[in-house]
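Chain naming follows the written order as A, B, C, D and E, and within any one chain the residues start at number 1.
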């Protein structure tokens, strides 16, 4: 088990946003999270990513409890989350965003040897490698043409894709995506689907929230559904989507 | 000893209301325009000089002189908003430096007109109240009462009126506020002018308690900024509370320790409070 | 036409500007007067004065640059600085230029530098608290006569305040008077807390310093809140006493000259005040350190007289010798003692409840 | 840009051959030291986005420590720099840790660092036995330099001119290397969106602290030299007005570059000596320039010049 | 109600909207559909006065508002519910709604309308006093729509209102939109989610790279194979 979440609970004042949630993620799978608005999906991922601290419960990453780590420590362990509301570095261009996202790669590659780059500059080989990688990811995410534009000039969909691209550059073992497809058009969703499948084939584990049931239903091997902060269904995605309580609380009508 | 402490506690409250009235201006302008108007100290100084001029030189009754001073200072405030602050909205550092530049200009003006010679107003309300061995000058009590009334009035106006609601909304998201039909530019101008008027009032009443010089503003605006931060920016009653806390800590600190460290007592308090509540005492934690 | 340059290096703006600003005005009045009369003759040549006034803002660093510039421009006579920290900063540069110019300094710390090697340039225009001809000792004696046992000193925490506390601590100790000291931050306006604290120590008299700006506040707050009504001071004017005349008990001040009185009896004082009013088109600030403007005024004239006596405008050694040997009769009678410290008379003014003024003149130049 | 900087540096090296005025050199020397302060400040302010009001304190504390070690304890000047820098860095780490742990940002950060700075100033002002209080300490020693051809004292305008120019080059080089490295990117991420930076694996706290400590340490380095040229140290070294002057220099020159603060510092240092006006007019002029610069040239002198170039 | 003709908008040198013209009748629900970066948001922002048009005119109820400020447009009854919600994060849900009524003459009686909004989105009632910034993405979207309705607009522009909403709520939203139109409100939607959009609208315009490429009756449009292929299969 790559990630094991046990009886995770998060309270905000009197409101229990996540209540006793437990699930596990195996290496290499894609897991989907469904649930009505305000059911605690984002909160759950934020807890895993260290952005929020759980009220109780444990989060085991490869067997170690990570529930008290800061977001950057979690990211360094190989768990990276994207944001539901696109987050950017204002003023910077798309490619500059990507260079910042290479932080973890450089850190892994050079370690303490980074100090040497203060005098000698970055090793040429590494620099070239990173630029290649950036171009590759930008192409995959269809952002190449906007490479040198200010990120603030992207359309909403573009901003979301930039988030995914940055997440990919962190080279996570587990990538947590919060509604990557919302705001994307059909074409872009198809592309996203391909990108994510490709990631999976390269051994990256994915945990995805989305309300685009068609998209995520096709993509996810397994799913869980939350309602009022609690897991109401889990298992094979098609089974979860067919679950009566899920239909009643979330889908409204049976999904094709 | 208890008399000494209680006396200074009360004096701290009184001094604190003066910090509070300027702090209120700081808090409102910062909250709404994103600018820390350091020049509020200079506006206060202008208010003090205008009051002195109207009262001692022209010979108006004191209340009329103060009202006149408030009007004069508001006009200065309006003009400086039109000419300067309008262009620095939302930019903390630029606004800060523009206001510092204005301090220089105002000080130079007053210096040229009235020289460095301190002015001491003819006493408006001499004498003191004596209660249980504690002596409080009448004028200080009266001034503190006016400040309290003005701050509470502002609080009521902001929490109970649409203008106040619009102000809070604007402070958070200017574009969305425009989409709600809030006339943002006008609102900001109102706030800038109102806070300068508060500073003018502060200066006008200040002049009845202390002697005035062209440099009086700078010390007070620093205190006011500390008070606003201590309280949490955006909180009206907090500005008052922050001012009073500063006033008390300075006075009581000076009694028990060396008065040479007077300014440090408030600062240490400020640091401690922000460590416990990073958003300020009355602000929200974020 | 020939000119003699006079420099003046003072704080003209900023929180410490009060004295420097007034000094600058006094020399300006003198220079304009002299030039208006067509200058002055030394030998068979006529010279006019050129006054270069710079504003140090009270910042030592600024002063060092400005002072260097004056030295480069071969200014032979420099008035100022009044501020102790500024004097300390320019002293090393002045030492390097020893023999090339004269400095008419006012700073208290200049007292200690008088007569040291490399300090031939130094003259001190105001006999302040310290020194044999200083008034500090006389003032303390005056207090002693009033049976004072304990004094509370309340001074601004700056270079001068610290110097004053050092000087007076020693003087009070010698006189067997107990001393309580509190320092306040520059810019303080509310003295309530510190006054209350001092009052708790039950001093006989309060010794506040040192400019009118704080005196008005201290005297008012102290009397209004009942912290004390007896004052003793060595700077500032009697304005605060007169304003609170019914609230004070005693108010004893060193005043180089009681201008309100002198104006009526001394024509030279009258003339100076008129000239000042004409020059600056404003009221004469009686309660604003008139000693600074008037003494600078006198010293400019004294310097001119010395140049005429010495028969040169640029041999500073000769001019210094002339200054040291002469007695100038202006608003004051001024002499220099052998170290280069100016000696001139002053008044002790004692204001009593109700505003009665008693004036005790001292004239050390007579001894 | 690189080209312009090199030419500027060469010109600067040649200046003492032509300018013999001691006061002109003094202006240049103070200009270089102000520029070093401004450059190091901009590392914290312009590039990390932290409006530190602690810079004057770092500068002043170091000046005092070096002075006291040399004048009271007879240390060698160069040796004294080491503990002075250590103390400054430790102080900045303490202040930084407190501010950043509690996530103080923007204005709150500015006011809290100001508070620390003021407390340090008041301690300096009132710790009479060690700092000589408001009178400050007069320095008569001159630092010495060892060269193969013998030791000589750093005294006089020309020697100090080159020493302070070298100081500026060192400070500039350190900041430039730091900004070009991975640290620079982390600092940018922190300035622009620290929450996003954190999820990308950047230890926001550590890098904020690092930027703050490097900038403050460099200010300390300037402080060490400053007192020895000026000939004194005094509590005003730690004053708010110095902090504000530095900000003004940075904004005048332009925040977005390293060279901007240098230009701003040189201009603002020289200006009052170039234009001679009556005192009242001078402060009014200073204020007006400040306002003018910010309203009309929001990107500063350098920003203005470079954007012209781009347009052309 | 709304008459847009030959509208062109650009960011710097980049032309984003080119010569776009369309019309809305009173009580009509019309959709702008189109892929990412087609210029939908830009169009709506220009209509709301947040972005200046290069060329073209905008008429609202016969009056030329091309040069009017955002506030004047709001007062004339044109309200935009912006993309990415832009709620007032530090105000409570209740306060956010109330501020929506700011420009109304009868704003002191706005609480009745608030009840209506609560019955449309019961979740908001549950969260009445929560700080809006701490609400979930979908809840914020509901709030943004509710706040827009509080101003009793004559014409409401909705920029991707389905963003982040659960399917069940999207369906509900469709019903709400139709009801509002029946009450006389005119609505312009910008949407990626063509399924929902076409389901509840009368007419639609398809925007691509800043140009209107097709338009027509919503039902008919959703039958065309092109649109079907492009937008409906997600």
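Here is the rule we go by: a residue touches a chain if its C-beta (ideal position, glycine included) is under 8 Å from a C-beta of that chain, and two chains touch if they have at least 3 such contacts.
Which protein is which chain? UniProt says A, E = ABC transporter ATP-binding protein; B = Branched-chain amino acid transport system permease protein; D = Branched-chain amino acid ABC transporter permease.
Fair warning: this is a prediction, and the values are worked out from it, not measured in the lab.
Q: Common contacts of chain D and chain E?
A: Per touch definition, common to chain D and chain E: A, B.
Q: Which chain maximises the distance between its CA centroid and that of chain A?
A: C
Q: Taking each chain's centre as the mean of its CA atoms, how far is chain B from chain C in angstrom?
A: 36
Q: Just the number, please: Cα centre separation of chain A and chain B in whole Å.
A: Centre-to-centre distance between chain A and chain B: 48 Å.
Q: What is the distance in Å between the mean C-alpha positions of chain A and chain D?
A: The answer is 43 Å.
Q: Where the centres are mean C-alpha positions, what is the separation of chain A from chain C, in Å?
A: The mean C-alpha positions of chain A and chain C differ by 75 Å.
Q: Two-or-more-chain contact residues of chain C, please, as numbers and ranges.
A: 13, 21, 157, 183
Q: Two or more other chains touching the same residue: where does that happen in chain D?
A: In chain D, the residues touching two or more other chains are 125-126, 279-280, 283.
Q: Going by the touch rule set out above, which residues of chain B reach two or more other chains?
A: Touching at least two other chains: 107-108, 111, 258, 260, 263.
Q: Considering every pair of chains, which are in touch?
A: Here the touching pairs of chains are A-D, A-E, B-C, B-D, B-E, C-D.
Q: Which residues of chain B touch chain E once you look at their complex with the stated criterion?
A: Of all residues in chain B, those touching chain E are 162, 165-166, 168-169, 172-173, 175-176, 178-184, 284.
Q: What part of chain C is in contact with chain D in the complex they form?
A: Touching chain D from chain C are residues 12-13, 21, 55, 59-62, 64-66, 68-69, 71-72, 84-85, 88-89, 91-92, 109, 157-159, 161-163, 183.
Q: Which of the residues in chain D end up touching chain A in this complex?
A: Residues of chain D touching chain A: 177-178, 180-183, 185-186, 188-189, 192-193, 195-204.
Q: Can you list the chain E residues touching chain A in their complex?
A: Touch residues, chain E against chain A: 11, 34-37, 41, 83-84, 123, 127, 130, 134-139, 141-142, 160, 163-172, 192, 230-234.
Q: Over in the complex, which chain D residues touch chain C? Could you list them?
A: Residues 21-23, 26-27, 30, 125-126, 128, 133-136, 138, 140, 230-232, 234, 236, 272-273, 279-280, 282-283.
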